[in-house]
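When the chains are written out, they are named A, B, C and D in that same order, and each has its own residue count from 1.
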Amino acid sequence: MCRWLAYIGSPIFLDEIIFEPENSLINQSRRATYSSVTTNGDGFGVGWYGTRDMPGVYHEVMPAWNDKNLRNLAHQLASGLFLAHVRASTGTDTSRTNCHPFRHDKWLFMHNGVIGGYAVIRRDLERMIPDDIYANRLGTTDSEVFFQLLFSEGVVEDPIGAYSRTVGKVLQVMRAWDITEPFRMTSLLTDGKRVYALRYSTDQEPPSLFWQPQAERLLIVSEPLDSDISHWQAVPAQHVLVTERHADTVVLPFQAAA
Amino acid sequence: MCRWLAYIGSPIFLDEIIFEPENSLINQSRRATYSSVTTNGDGFGVGWYGTRDMPGVYHEVMPAWNDKNLRNLAHQLASGLFLAHVRASTGTDTSRTNCHPFRHDKWLFMHNGVIGGYAVIRRDLERMIPDDIYANRLGTTDSEVFFQLLFSEGVVEDPIGAYSRTVGKVLQVMRAWDITEPFRMTSLLTDGKRVYALRYSTDQEPPSLFWQPQAERLLIVSEPLDSDISHWQAVPAQHVLVTERHADTVVLPFQAAA
Amino acid sequence: MCRWLAYIGSPIFLDEIIFEPENSLINQSRRATYSSVTTNGDGFGVGWYGTRDMPGVYHEVMPAWNDKNLRNLAHQLASGLFLAHVRASTGTDTSRTNCHPFRHDKWLFMHNGVIGGYAVIRRDLERMIPDDIYANRLGTTDSEVFFQLLFSEGVVEDPIGAYSRTVGKVLQVMRAWDITEPFRMTSLLTDGKRVYALRYSTDQEPPSLFWQPQAERLLIVSEPLDSDISHWQAVPAQHVLVTERHADTVVLPFQAAA
Amino acid sequence: MCRWLAYIGSPIFLDEIIFEPENSLINQSRRATYSSVTTNGDGFGVGWYGTRDMPGVYHEVMPAWNDKNLRNLAHQLASGLFLAHVRASTGTDTSRTNCHPFRHDKWLFMHNGVIGGYAVIRRDLERMIPDDIYANRLGTTDSEVFFQLLFSEGVVEDPIGAYSRTVGKVLQVMRAWDITEPFRMTSLLTDGKRVYALRYSTDQEPPSLFWQPQAERLLIVSEPLDSDISHWQAVPAQHVLVTERHADTVVLPFQAAA
């Protein structure tokens, strides 16, 4: 289990969101409160959209609380759409290539959760990735596989449909191998304009997911950044939050494709 | 605050002590129980005596639970006297040079605790280190300063006396600067034969220190490696445990030199 | 292109071979002389057989010349069969999981060279790896793929035959994709007793490979460890050197399976 | 010996200068041509002035050519005044705290060269650093000592005078210890507006230093970034180049204070 956040709004410096809140992601990396795993020290990453065609990414294997570069970068970088993720490995290696967010073209993706039985079905999942996408597979995580599979399901044209079909395909493979462990996911996908945050699980224990709309900005988080819970809304299980810069946010029911 | 252990006995593979116990040091690096700081993820180190003149040391900035090299090395290395330390920084950088145990000639030293007001008195403490010892100062911690000061107080000939005089000198500098924060220390010093483990503090809250004598071996630890507390004896505050390979262990009262 | 060495003989400390020679592997990591690529600074690794069932491995992403842990370990560790490898990436990431030697059960493998067109044919090569072996694939290199393929070709029972069939299969895939770049390899494979060092290429430029038999020991190296070339014998292209602890060394012609 | 560059002009993305030129700093990190040390793989750093009060810094121990984060950051970050440095250690550790540029308040400093006999006179040099500045000493290099000494000599009010007095003081200490090795330095100091690049040595072999003025920008480099040498002007030995954003550049004779 990991912890993550996303910010959408007028450009601000990253440290205002990543470092300064009472229950900041950096504090969560040491001691998360909405998670059975309290330490998220198995690497971290940041992704942000600036003025370039491609978003920037920064990955590091040290715990987020220990990396002075992160503190310096988050103090200098400003962005109107950025993501941050602290990792607690569910079995795969701690390496930069296994750190979120993952990037493909303009797309960023980050994930908290686990695909049940991944060690067993990894190979079947990888087989479904198109050749040209697979060429960019750098790590070994289930999260990266899921991200790459989205592209085989037409994520560029139809993100929610691709989400639905990809979850459906994963479930198919899990069934084929008689996996009884759950598939749990809170993930966030964006192309720099549209943002899709999914909360889903096959059991009754989906990872937590909250959001906080304000006048000119939106926060989407694994757990509230402060203790005033009343300011945060939970995304219900089997729902996807959809938003776009300068547009309304909706929370829609989500169903895996059959 | 950090966590550490030392093993003295017939040679065994390091992983038997570092990885295998119920409350192993690796588990303590994620979640220590006898400490206000639960995560000890700011680097770690191992020191061991083998067949060479000098002991070996291995330092790494990643959390101990994440380093596959440590797991491999601890599985291969056997030693009759070894130390391991997981670090929770009290302010100084996470770098290999700040990781314990520190080495000078045949001597190893590791420490849990803090010299109150260190940021203020660092310089005065460093001034007292002899030139030839100071040339080996590689990091910035209070622990390394203390270790180096021991050599200016004759640790080679009189380890307990040197301990006493060094603590006394640190207290002098603290007084000169009107430091009111406590000086707390559980530290272990060895030349490969004799072992000195000190529990000391200027307030009523010395860090914990335990030991477990068995037929052919001795363990000295920050906290018990298993839940059966009855097998472990606490070293009282202001005491120093002294032992030698193949010799008796004694726990002596300790007093800082005036 | 990388540089590597292997030692077989009576147990000695690793630094005697890795650090001390005039043209040591550490010096080669900064400035190799028998290679178009002079700097081998993209990570390194050591593998050694001790008293445990499994060999030890140590991998690090820093250049070998910069890692104090390597210097310390090589000074402490003694072994009668060990391997060391400094890496110059041919395209894949610098990560610990891409560092040689690779390990599977008792087997170690290290490689210098490149499979032509690997970025194109990676996937087809990976498809031929058996499921249970593939589950241990941690990195993304061609070297690791080749090592894993050896196990699908019966390396345990027939190492040279497996070498031959695996090279043959790689060539098949290269032909199927019309790859015109060469396949070049000097690799070393061992189970802790038998050692197989292959020099092979599809063009006229196989990487260099030398060996030096002495009274009680054998060195196999990418390039001589000293300037007295007369002490070193070149393994001819398309040949495999075979040796066993306490047994004779032979150099046999090698042919890829059709 | 190290390699470095500085850019002053209208804001551009860092990769345009750091990565794209024919003889870019990244290429120099693998193979420098104006230096006896060809590999500069002992860590690197970048410093840049943005919209914040303090400049940003990024330090990493891996070779610059290997760090994907650097490539990503340099592609995203734009600045009108930035520095980059690839390190070849002259003896001190490879750690982030020993990487240039060093920062103090608004000031950045980077250095190529060596203070002769540093291991011997380190302590006397450190003694001259004011307490409040010394509290920020994080590493062990001669470069950081020199930077900190500048503040004891009034660098804020009189940078060239401080440079002159600091060099003078270093020479005094060297004389006091009968150091016969040379003091060689090409260093760059800036507060975000004014820039001072010094080329100095006590022997006839000062490290190289070049600059290239263009319409709206200025480059100051250890060695030319392309093979068209005619576009680059050498700063003579014992001279300091002084410039300011949107102002003329002058190259002045430099003399160490007596």
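By our rule, a contact is a pair of C-beta atoms (placed from the backbone, for glycine too) under 8 Å apart; a residue touches a chain by one contact, two chains touch by 3 or more.
A quick note: this is a predicted structure, and the numbers were derived from the prediction, not measured.
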Check your understanding: Shared interface numbers for subunit A and subunit D above half of all numbers used, same, or below, different?
Key -> same
Practice item. Give the chain pair, either B-C or A-C, that is connected by more C-beta contacts. Key: B-C
Check your understanding: In degrees and to the nearest 5, what turn takes the CA positions of subunit C onto those of subunit D?
Key -> 180
Practice item. Find the geometric centre of each of subunit B and subunit C from their Cα atoms only, then give the gap between the two centres in Å, rounded to an integer. Key: 40
Practice item. Hunt down the residues of subunit C that sit against at least two other chains at once, touch-wise. Key: 68, 93, 96
Check your understanding: If each chain is a dot and touching chains are joined, what shape do you get: line, ring, star, complete or other?
Key -> complete
Review point. What does subunit C use to touch subunit A in their complex?
Key: 93, 95-97, 119, 122-123, 131, 134-135, 137-138, 140
Review point. If you look only at subunit B, which of its residues touch subunit A in the complex?
Key: 30-31, 38-39, 41-42, 61-63, 65-66, 68, 93-94
Check your understanding: Within the complex, which stretch of subunit A touches subunit D?
Key -> 13, 48, 50-52, 54, 56-60, 68-69, 72-73, 75-78, 96
